[in-house]
Every structure is written in structure tokens, then in C-alpha cells.
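The structure appears below as C-alpha cells.
We just call them A, B, C and D in the order they show up, numbering each chain from 1.
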């Protein structure tokens, strides 16, 4: 068995009285592409945000490459309100901020594209190189970091060439067609040198042809950058094509886990998706 | 919420503690008379005069409770309540007329019975409006009394100025819509004439080669015996040597003269200082004109007083606007530069006057703006004659600044003396 | 790459031309010219506006504490550069000054910036967690508190209480102002073009994405706040210099709004815009529009209507409203002046051979 | 020391500020805009009253008041139409800057018209009468202000929670586009919100200036700022919050003066503001919002 990259344990996220993610446990191992799926409102994005440090989870623990990154237990008002399980299991509070997680090697994209809208394609990617800097504000201002700056620019160029965005590098990012914006967002995440890439609905709003290209692209970058990938997706074709393993959640709870073939034939999963019309 | 409550509690506790100290401090020495002094925070004039009053009042053996309020305060009830709580025998509030308008209204509401006093700024129609219909006893010190019949120049000025105001609706409006003669108008009138005398003296000596430095030199030697506001001569600081202040009471529709309060001033006329190699501004022989700068607030908090001062200068200019130099007539033109009552505008407003090639500048109403402009006039080598800026710092250390009015230490002690006498009755 | 170099050279030429103009004004203009006082003020407020722009325009932090930081800088500078023998004179109401030495101009300037930066560091800790409007309010409150405290008579021996401070070192030469302002602005430009500047812009564009890209929000916001306040402090010191006296009453929120308006007129996110706007703003409000305040009579003796005290400010505020409403991008938007692009544009416009040399693009 | 008199006057000031604070809070609730011009509107309504009474001395006072309120509401409406509504889709900072511009303009305009002179507010019958309650002598407006503020608050809260207009107001404040889709005329709702704010500012100005009768172009700055602090302390966006915040600010400032902290009175309210912002950024009654990622 290959090395564990992401370990999520008993993760619960409760807003007021609503339990959005309920006792979720999952693992992602090195080199895998794992998908987290579920009907609308199942709590996928909430889980994602809790894992990446945007939200503080109510209870549970997350480790990344063996290092504990998030741990929390119900406190304050939540103590009484808490409706999940394992309330007494965790004692510590540890919530790393998203930037710390990115530094550790977790990079993400967003469901609704969040590019730096006033910047060019090139600068978008270059900005993501900022976190690996060794310069400080003085050396950077006085241009004493020339070598490093040159290296950052060179790497950015290389990356843009790899993802086939080099020819539009001087365009304003938000002026790109939708598919390219998605690609750019992924490229920007790659610029942070991640071990684990988290993609939040990368194919949202794409036509079948674009989706197919995206599938290829994800495979390509996994090989190229030795990535482990966790993704949330609605597009079943994409998910079944691409994933090594799939977790299915509904109403915040995990209902199934397995390889694509197993999931496709899982009765619980079919039930969960039944009645949910395709265009919703 | 809990945090909030604890914060509020902590605040309340601090206040209680401080209140304890305050009460203890106020408890002592209730033997003599008590004055409540209220000054505007950050206002040089107000605080300077208040401090001078405090020193003099305490020297008499009185107790002074002094507080400050932040700029733009409009409600003074709590401060006045403090005066009531301390059983003040007199309130001294040397502030702008804008403040006075509200302060007096609030004092009436609270039923303040003790006299309220202030400095020269309060001789304004704003105060009369505020006092109208109330039982308040309001006094101010001022530079001049329009009903003073002892001097003919004063009488002539008053009747002439009133006629001039009534003949011109714009000017009357500028005066606050009436023809009351403000002391600052009289001072402005005098300042203009001092400037004219000095320029004539310099012209006598240097002919058309005269510069503003010569005017400055001439000012030191200037002496006008029959000026409207009394004899004008400058001491070594550049301050007019004054020994009396006029105390007036705000009555219905007019200020009533109460008394002349004198305090000996033994200063001698100053000697011209050495202006070194400064070149100053030369006479404009090409256009045959002389520009006199008028550096005054015509907008902002002190606009009311500033405009009245400008009016006095206008009037003086309307009577005398030609100087003959080397047999040629030079027309005297005024250039009014508004400093907006704001210190940060002072330098550019003064620079505008410098830019117009003025030989001398008059003003300003308000000490803060005058202090702020002093350096600019000095750099240009232009003498400035302060009209009613009473803070000591205006002329001190500034060889180019003169003034025609008395100073705050003088005014403060005069008012303290008067307050003592009034309250003792 | 070659184009880039050409651009740099053109911009250097522009800067050189500007410096030359200033030198010529300094040497040739009569000493009574308004150019001097206006240019001193322009240099001062150009720096203030650029430093505000760094925070509001480039980092997206809406702070309204400028007046407070300028006050700190102005007071620090003024207090430190009064000649020793003048101190007892300036501080006469409070016995004497607690500080018994005089500093040269440059260290005093730096210290002015550092004190402002130090206070920014202190209040940055709690305040920068706040979002847009709340941050604006909190910083506004901070500025008012600073002013309220400095005015207290209790601090008299240090701050001269409410009384103005004067007699300190105040150079007259506009080149001094241009140099201080120019070097400071250059440093700000270098910061904006560095990797840190990109991080600031990333925070402005999208905080959440920036954080996800590994940019530590708290750290970078504080950094920007401190840098901006540092230069604000220097601008405050410059203001002390050009006003030759410092009084706490000048540093009101109205001053912050004024700086903000300069930034808006120039274009939020444009350095050259801020500089041009500072020039237009102060030259017109304090010089070119001054005639509106004077009651003017025609030769026939008729009064020209409307002109009179205060009218200038009315006209001026209407002009500002027009800019805010109809030219929302300001003069420059988020662009920067580029002589090279200007030449190219002119070339395209006329389709003629390029004119060689000093075409000015303003 | 007569603590009671400070308390009563503190509540009075608080009540007067409350009416201004509601204007801030309602506009913020709906447009997320700090309407910096609101304090100036307050001042303008006072100036209007002076000019109306001076220019039309034959008008009975109640008619003059009515005319003043109508004019103030109209000005409030105009400000919204010309300075804010063109910027509906612009970034929030632009609108705020426009608000600063409007306040700059109003101040300068009034300064030009009045010549910077302080004008006396006319005597208002009944509330201008001097009375003595609990040994505290002052104008009736002082004792009435907090009561009037509370009554108006209750009415307003009722309107917001129980009428159709109130419902559309709440909807617009939650989500512009959705409420537009639901058939709410958002421009009308916003205009009416501004009108209500202006009406309250006018009411507040009568109560305030009946006591503090000297008005010049800067008279709005201080009440405006204090009311604004009050709105933030109470939780901007919440009407009861604004009233409670204003009462707190009024009382705290008065008590500070009572306890010999007059020199710090300006500092105290700002310090309170910053403490509240740091401890509970959304104020006492404010709702917490989370940004959607």
C-alpha cells in the first residue's frame, strides 16, 4: 500500500443546528485520484472547505502526509448544540490557515473561479510563486533577490508552456474563455508546488468536449507533477473516467466508498441520486 | 455579549475611580471665589487666554476649575452643569462666536445666573442674538468702544463707518446685517493706517527705491497718537503698547460700555531690528501701484470676525488710497487672501499675498493662522501687522510680525481682575 | 525585452525632464512666485496620496487613518529638529521641552516615518482583522484619538500641547521636497513591482484565493499597513516643513478625505495618477481658483455675481462630484504614465513619421 | 455632584443622535454604504428651518416645520438620485467616496450661503419651553428626546417587520438581484429608505437645534460622527441597535464629563468604538455573516 497523503477522521461541520458534514472519514493515498461526490447540498464543498482550513470544523481531525493539520472539538455554545458523534474524542484545537496548508503542499481551486482579476495570466501564476520566496521585503524592494525573481519568472514561463497557456500570458486573466480560466486556476495552484491538489468542481459549466479535454489534462498533470488529487465533481462521466476511488456522501454522511465500478452499481448511491433531475 | 458587558463594566469602574479623585480634588479650598474656565481643545487662542486668566485669578486667591471641549462641540450643557456643581461665581469662556452661540443658549436653559465672560472675540452680533431674550449676564473685553467720546478720531470713525456700511448693502451683510461697529473693524482701520504711515515714511526716505524691508524698518519708528483704538507704537516685540481694555456687557441689541480696565504697560518703543541682507519686495514702479495684503479668514469658523476686520480695512482704504512717491501717485490696492480659519491653509494663503507683490500684509483674525503664516512673510521679507491676534507667540521670535492689539496675558489678567471684582459684589 | 527597455528609457527621460523643470523653476522663478509654496505642498500630498494608494489601491485595505499617521510624523519631525536654543521659546507655556537635542533633517525624517510605522504596527494587530468599512471606521477613530491625545496640555513638555510648534528645520528649496517625495515614491513603486507588491495586489483582487495560494493575509496586510504608514509619517514631516509650523488641529478627518479625493481623482491603483492629481488638486484649490473667493467688479463697477468668500470651495466640491460620478476611473484608472506608449499612440494617430525627442504625455 | 442631570442630558443627546443614527443604519443595511453625508443633511435641515422662518415670517411655526421636513426629505431623495444611484454597480469604495464628496459639497455650500456665520435656530414652541424635572432645569426637548426616539424606533421596527414595504426592504438588504427577480422595485425601496432617514434626521435636527441653537456649516460634523459611532456600536444595519448605541454614547459622554474626564470626551467615544469593533466587529445587535466560498 502506498503512502497516505490525506487522512480525514470523524470530520463534523455544524452550522447552528444544521449538520452539514457528519462524521466523515476518508483517506487519500499517494498518486491516487479520489473523487468526493454526492447530490446537490450533500455537503461536499463544506467538507472541502473544512479540510482546506477555510472553515473551522466543529469536530474531527485531518492529517496531511502524516502531520496533523486540523483538530477541533465542540466548544462554547456548540457544546450543547452539538448533534454529531465522537464529541469527546478530540481534546486539542488546531486549525491551520489556508496559507499554511498551501505551504505544506496542499493547493486548491474554487468552484466559482477565483482568479486575480486585474492581473495578467502570467502574473496570476507568478503570484503563486510568492510563498516559496526566500527574500524579505527589503531585499525584494531593493531588487537584491534578482536571481530568485528570475527563477520564479522562468518557472512560471515553463509552467505556462506546459499547460499551453503561454501564448495568452500577457492577457488579463478574466478576459480568457471559461475553459482556459479553469486551466489557469489549476496552473496557478500547481505553481505552489503541491503534493496534493484539491479540485472543486473543475468541470462545472463545461461542455462535453471541454470536459474530455479536462480529463486528459488532469491525467497529464498528475503524471507530470507526481500529484495526488482529490476532487469534487458533478459530471459523472468525468468522475468515472478519472477516479481511482470514489467517496459518496449524502446529507453530510458517507454512504459509499469504492472503485468506480462498485459505486455505479451501489444501490444506496442510486437511491440518493434518484429523483434528482439531471439539470439541477 | 459577555465580553461586551465586562468591557462596559471596566469602563464604568475606571470612571468611578477617576470620579473619586476628581471629587476629592474639588473638595479642597472652597473658601474664596471660584471661576469655571472653558476652553476649546487645540485652539491656541482659547487655551492661551484661558490659561492667562487662570493664572491671574488664582494669584488673587481664587479657585479655578478649567476644562476643555473638542472642536465642533455643539452641546455645552454638561460643561455648564459642571460650573453649577462647582458653584462657580463666574464663568470664563474665551471661545469663537460659533461656540458662544450654543454655549449661551445652553447656559440660558440651565438657568446660569453667574456672569459669563470672554475675550475680544465675543464682541459680535452673534453674541447679541444669543443673549437676546435671556437673563444672562455676559461680558467681554475689547479693544475699543464706539461710544467713547473722549477721542475725536474714534467718533469720526464710528459715524463714518456706519454711514459707509449703510450705504452699501454687501458690506452691511458682511458685518452681520447690522451697523454695529465691531472693535476688530476699528483695529483693522488702524492697522491699515499704520501701514500707510509706514509706507509714506519709507517713501520719504528712499523714494521710489523703497522695498518692503524699508516699510518694516519704518514700522518700528511709527507712532500714531490719535488712532481710533488709542495711541499705537510698537514695543521691542512688535506689539502695540496698550494699557487699557474696554469691558462691555451684551445688552439687548447692543453692547453696553461697562468700564475701562487698565493695567500699566511700561514697555518702550522698540528699536528697528537688523534685517541683514534681506531684499524684500520692491515698489512696483511700472504699474504705479502698491499692494497691501489682507490675510484674513473670510470663511470657516472665524469668518464673522475676519470679515469685520476686512471691513475696517476696506473702509480705511476707501478714505485713503493714494501715496505720492517721488512726485508720482501710487494707487493702493488691497488683496484679500482667505486662510479659511485653518492653520494648514496659512502658508498658501500667505504665499498668495507674497505672490501679489504686497509691500505689507494685514491680519489675521485668529492667532493660530497668524503664527502659521509668520515664517512665510518673514521669508519674503514682508512685514505683517496682526490686527486682533492676541496670542503672545505671534510676534515673539518673528521680527516681521507686528500687531495693533493687546496681548492675551494682558487681557487674561484684566478679565481676571474684572471677574474678581464683579463676583465679589 | 527591447520594448521594455525603450519604455524604461522613455520614463527615465520623463523623470529627467520633470527634475529639469523643477530646477529651472527653483532657479528662474521670482522668489515671490506661487510655484514654490504650491509645489512644496504638491510634493507632500503626492507622497501622502501614493502611500494611501499603496494601502487602498494596491492592497484593497480601506483605511482612513492617514491624518493620524501624518500627525505622528509631523510632530516627531518638528519636535526633533527645533534648535536647542529655541526650545525654551517654543515650549514657553510648558516650562521647557523635555527633549534637549536637535537632529539633522534626514534622521528626523526617518524617525518620523518609523514612529508612524510603529503605531501602525500596534493598532494593526487588532484592527486589520476587520473587513472593509469597519476597518475604515476603526482607523478613522484611531486618527481622532491620536489628535485628541496630542492636544492634551498634560503632554505639553513633549508635544507643546495645543500650541503650534514652529522654529524647526524647514528647508525652502523645492528640490529638497521633490527629492524626499521622489525617493519615497520610488521605493513604493519598487515595492509594488516586487513579489510583495504582487502579493498585495492578489489580496486586493481576491482575499480567499490569495490565502489559498499561500499568502499569509495577516502578515501581508500588516506589512502594507506599516509601509503605508511609514511614508504617511514622512509626508506628515514634509507637511510640517512646508507649513513651517505644526498644529494638531490641522490633522482632521477632512485632511484624510482630501487625500482620498486626490487618490480617486488620480485613479485608485495608479501611482502616476496620484501624483498628477495632487498637482492639479492643490494648484487649483490654492492658486488657480483663488480668484473665485474675491469679490470682483467689472470696469463699469458692477459686481460679478456669485464670486465671494467661500465660492471657490463650492465650485471645487462640484468639480469633485463630477469626477467622482462621471469619471469614476479618475485621470489614469489603474494605468501608469508611459511616454513610450504615448508616442506610439500619437504616431498611430497621425500615421506620420515619429517626432523625435521631448513629447510630453500628460 | 448631580449625576442625575448628566444622565438625563446624556439620554437626551443620545435620543437626538439616535434619530440620526437610524438614518445611517438603514442606509447601511440596504446599500452597505456609510452615508457620510447624513450628518450634513442633519445640519442642512437646521439651516433650512432658519431660512424658512426668516424669509417667511408670516408662516405659522408648524407649517414652517412641515415645510422644512418636506424639503429635507426632498434633499435626501435628491442626494440618493444624483450621487448614489448612478453608482449602483460600482465598487463600494466609489459610493463611499461619493458620499464624502456630497458632505464636502453641502458643507461648502452652506458655508458660502451663510458666510460661515453661526445662525440662531428659531424658538420652537412647547419643546423649547424651559421646565424643571427632578431638580434638573432644561428645555422640554431634553426630556422628550429619548422618548420620541424610542417611539419612532418602535414604529419603524413595526414597519420593517410587519408591513409589505418592510418585507421588501429586508429582502433588498439581503440580496439585490433576487429581490429584483421577485418583482421588488429596488430603486423605489432605496428611495423610500433614504426618505425615512432624511425624515428622521429632520426630526432629530428640530429636537437637537431647539436646544443647541447656534448652527453653522460645521454643526453637522460632530452629531454626524457621534451618531455614526452609535450606529456601529449598536450594530450597523439594526434599528434598535442604532438607538441603543446612541443612548450608550450619549450617556457615556455625559458621565465622562461628570467625572472630570471632559478633556478626553472625544477620545472616549472613539476608544469605545474601537474596543467594540475589536471585541465584536458587528456591534451589539449586528448579525454575523460568513462569506461564501
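Brief remarks follow.
Here is the rule we go by: a contact is a pair of C-beta atoms (placed from the backbone, for glycine too) under 8 Å apart; a residue touches a chain by one contact, two chains touch by 3 or more.
Please read all numbers here as calculations on a predicted model, not as lab measurements.
The fewest steps needed to get from subunit A to subunit B, moving only between touching chains, is 2. Using the mean of the Cα atoms as each chain's centre, the chain most removed from subunit C is A.
For this pair, subunit B with subunit D, the centres built from the Cα atoms lie 36 Å apart. The distance from the centre of subunit A to the centre of subunit D, each centre being the mean of the chain's C-alpha atoms, comes to 47 Å. Note: centroid distance subunit C to subunit D, computed from Cα atoms, is 32 Å.
With touch defined as above, residues shared between interfaces to two or more other chains in subunit B number as follows: 41, 68, 70, 298-299, 303, 307. In subunit A, the residues touching two or more other chains are 54, 110. The set of subunit D residues that touch two or more partner chains comprises 111-112, 115-116, 263, 266, 293. Across the interface of their complex, subunit C is touched by residues 28, 32, 34, 82-83, 86-87, 90, 92-94, 96-98, 100-102, 104-105, 108-109, 111-112, 115-116, 228-229, 232, 236, 263-264, 266-267, 270-271, 273-274, 277-278, 281, 291, 293 of subunit D. Against subunit D, the residues of subunit C that register as touching in their complex are 56, 62, 126-127, 129-134, 136-138, 141-142, 144-145, 148-149, 152-153, 208, 257, 260-261, 264, 268, 308-311, 313-314, 316-318, 320-321, 324-325, 328. Of all residues in subunit D, those touching subunit B in their complex are 1-2, 5-6, 9-10, 13, 111-112, 115-118, 120, 130, 137-139, 142, 208, 211-216, 218-219, 221-223, 252-263, 265-266, 272, 275-276, 279-280, 284. By the touch criterion stated above, subunit C contacts subunit A in their complex at residues 187, 190-191, 194-196, 198-199, 201-202, 204-206, 208-217, 223, 227, 269, 334.
Residues 31-34, 36-38, 41, 86, 89, 92-93, 147-148, 151-153, 161-164, 166-167, 170, 172, 239, 242-245, 247-250, 252, 255, 286-287, 290, 293-295, 303, 309-310, 312-313 of subunit C are the ones that touch subunit B when the two sit in their complex.
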